[in-house]
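Structures for review follow.
Shared chain: subunit A. Partners: subunit B in the first complex, subunit C in the second.
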Partner chain A sequence: MEISGKTAQAGTLESGDILITITLGEEDKGIEIELESPSQAVYGQQIYNTITGTLNDLGVRTAYVKAQDRGALDCTISARVEAAALRALKK
Partner chain B sequence: MNLNTIGREVPGSIEGIGTLRPFEGAFKRIPDGVMKAPKIPCVERGGDKILPSLKDALKEAGLRDGMTLSFHHHLRNGDYVVSMVLDLIAEMGFRDMTIAPTALFPVHKSIIRHIESGVVKAIQGSVNGPIGRLASNGGLEIPVLLRSHGGRARAIEAGDLSVDIAFIAAPSCDKYGNINGVGGSSSCGSLGYCMADAMYADKVIAITDNLVPYPLYPVSIPQIYVDYIVQVDQIGDPSGIVSGTLKITRDPLRLLIAEHAARVIEASGLLEEGFSFQTGAGGISLAVAGYVKDMMKDKKIKGSFGSGGITGFFVQMLEEGMFDALLDVQSFDMDAVRSLRENQGHVEMSASYYANPHNKGCAVNQLDAVILGATQVDTKFNVNVNTESDGVLLHGIGGHMDTAAGAKLTIITTPLLRGRLPMIVDDVITVTSPGETIDVVVTERGIAVNPMRHELAERMKASRLPVVPIEKLRDEAYRISGKPENPKFTDRIIGVVEYRDGTVIDVVRQVISVS
Partner chain C sequence: MVRRLRRTALYIPGNDPSMILNSGIFGADSIVLDLEDAVSINEKDSSRILVRNALQNVDFGASEVVVRINALSTPFGKQDIEAIVCPRLDAIRLPKCEYADDIMELEKILDRVEEEKGLKKGSVSIMPLIESAMGSYNAVQIAKASRRNSAVNFGGEDYTADMGAQRTREGAELLDIRMRILLAARIAGIDALDTVFGNLNDEEGLLEETKLIKQLGFDGKSIIHPRQIRLIHDVFTPSEKEINKARRIIEAIEEAEKRKSGVVALDGRMIDAPVVAKARRVLAFAEAVGLV
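Moving on to the complex of A and B:
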């Protein structure tokens, strides 16, 4: 994936949180997610959907997202993704 | 595949294990037949049983390919014996062993090497982290056969688990094979779990780092069961054998759960003179014991006994005169080891005495209340302690299904969520203890009482405890976390969960690992 290189981070590696590292691209090339999660087997798809949905709502179409989950709830994931994306957009 | 009475699929037989008998209900199986008898032994007069090396003992015991070898876990994460024996067997070129440990710990991960090289073919006993993960990924040809502490003693006595050679890690031993666990640098306290092994195995090898003059006393494993004795430098690492004083949790959420559980006991009407009680060594369990102790003091009542794995907290209650006795199958900390040595009321018990359903009466049947944990509970009150939410087999059964079946009041304490994972679900992945043996589930968000215990629920409501239907706890968990997907499994069975009576309550399948 071609990525222009605006990178930002939000979140922590504390239990119940998620650390999102995002690099934004400029074209419409899709969203690539690398997920590491203790609840991957039962919540993996929901976490993908939450991340993708949050980015879509912000109008982000191309991004590489590294998501290091420590059991975060959807509201937390959404907030961390939004914060990371907005930080990256400001750069 | 047949369904057992709780709706779990049980195959008619499994290669390497044999015919399986489906679970019919916690108290349904009436055993028949006779108990196993070991061969009639005879030793020469006089002398001793000490052999120069473990290798000599294995040769004398007639070690062959494909034998069943048993071990016990009183040395816990400090144990050197399992690895010492298996490393030597590998070196001697033997293979296809079935091992029957009472439990395995992270220190035993060298077994993985012996599984991969074919020295170990099968495991009948509990597994833990790394070995459980290996099994869950299909690394063992024959499924792991999991048994509870009581069920394992039953299996040995009934001949279902026939042990060729039993290895006893002996913290103190004399030249004729009298053994106890309360002396020496590797002292571990009770030797309860290996007593059936010593009595029923064809050959018994004691491995000790503390040979004492004859006769050793007190005796836990008597000389009449022991064939050979081997002296080694160390049988274990003392820092891994017993822990320091275990601490009561300070987490407010867990304390709230513990307080609820204690109030459930009070409301049940069982907290009277002669009360008997068991908890585990976890933070919530100890906190419940703390609250119960205060309530006993307030009501000025004295308990009859505390049982199970014994901690310093129970020792303190014994020494303050709040219990008449402790029945100890495993001593968790230094205080428990000391107390077993010093206090007459601190009694060592065997796994069969503790929890075997097929003898003339086990201690769990005398329990008023037990506090247990869970990795999942479902709306039928079935409890899973074996597999994690992702389906990986990571834990043994311990005494869970035994105490749950025996005690008048069985309480499961669990937070509603661990991380994001709901602990109350529609269906547990693996059933360890059937719902009919579980009375109450206590979470921080409410207490669910098994509908079969109607009178108990009324008592709780009268005591103004927050009683809710278990479905409401599940809904609350799903509302916060979302409904979990089912983890993905192949059809291949990698574990069999045997109920304490020898029937099969559930099976565990190989996981499809997610990328």
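Moving on to the complex of A and C:
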């Protein structure tokens, strides 16, 4: 299900939110994340883990994710990743 | 049992993570996470997921947590229910209710979803939102349609649009629906909630409207901004004088009952069943806000 090559977005650049742009990969090359966050030094790894974990739960194994964080909490990050991924999968 | 207060029901847009996150700190009696009018059609999917996650992770304090879903006639309503039902969800506010069948349809879905999710049957209550001429006409049937119903409320903007009426500060155009909502709520034995007061800068207008709805018998009001909370809570909180009077009435009637007398006078005025019922309502409010 992860092979579509489609791109989709979810979220916003408002404070407390995160804008996720996801492109589903063609082959099993893993998940690549480009993170832009004001709290990268402290929470960067946690954000990576949340994004990866959410995609794994959805069965997505190959994706390029651009994450523009504006101080989102974990539950917001996973919601935006899930919404973006589902939108991409539907395309 | 201490009655549940519903003086304020604060609408929070279902697509705004920071507002959702902070919604528990304002002290509103109810928080209404809105998946309907506050969310554009293109964001219905992402808001549903966001609200679902928030219900599982955000601390909403002591507030009752309600979600306004999309109408069941839309492609979104049923998906909303599947996603949001969870232990922290107290109630669903169902918009555009026009017939008792609308409530019965939601009840049937809730019965199934609660069972699938291992929740106790009936743990999610229903708050019908009436906002049309037909809904207003059928208010009693709607309010009585399910034992899950906990509060009936109405939407002034949609209702006045449907009626061809103008929305004014004084609200004469809402007189009929307010009385119908109250009547329906009292017949069904549930709470009656008033519509929003839209002008955030008109505190005097909000105060007048809140005094009016309290006088009519409403239990609370929907609101669109946290700064409306304090004023409304103050209006609905009984004064010390009211509480003392209510206490004396209850004491007097209890004394009379001991003497096997049905009627008693207090300060020269007769006290009978309706006076006692009003006193009990005052004391129930006072107890719920921790004043007695």
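List of remarks:
We adopt the following convention: the second predicted complex is superposed on the first by the 86 of 91 C-alpha atoms of A that agree within 3 Å, B and C clash if a C-alpha of one lies under 4 Å from a C-alpha of the other, contacts with A are read in each partner's own complex, and residues count from 1 in each chain.
Rule of thumb we're sticking to: contacts are C-beta pairs under 8 Å (C-beta built on N, C-alpha and C of every residue); 3 or more make two chains touch, one makes a residue touch a chain.
Note that this is a predicted model, so its numbers are computed, not measured.
Taken together in the superposed arrangement on subunit A, subunit B and subunit C fit without clashing.
Contacts of A:Leu73 after superposition on the shared chain: both subunit B and subunit C are touched.
Of the two partner chains placed around the shared chain by superposition, neither subunit B nor subunit C is touched by A:Leu58. Of the two partner chains, subunit C is the only one that A:Ala10 touches; subunit B does not reach it.
Once the two complexes are laid over each other on the shared chain, residue contacts for A:Ile33 go to neither subunit B nor subunit C. When both complexes are overlaid on chain A, the residue A:Ala41 reaches subunit B alone and has no touch with subunit C.
Taking the C-alpha centre of subunit A as the apex, the lines running to the C-alpha centres of subunit B and subunit C meet at 80 degrees, rounded to a multiple of 10.
When the shared chain is aligned, subunit C comes close enough to touch A:Glu82, but subunit B does not. This overlay, made by fitting chain A, leaves subunit B and subunit C with a least C-alpha separation of 7 Å. Shared contact residues of subunit A, touching subunit B in one structure and subunit C in the other: 15-16, 72-74.
Contact residues of subunit A toward subunit B in the complex are 15-16, 38-46, 70-74.
For subunit A in complex with subunit C, the touching residues are 10-11, 14-17, 72-76, 78-80, 82-83, 86-87. In the complex of the two chains, the subunit C residues touching subunit A come out as 16-18, 21, 45-46, 49-50, 52-54, 56-58.
Residues 389-391, 418-421, 480-482, 484-488, 511, 514 of subunit B are the ones touching subunit A in the complex.
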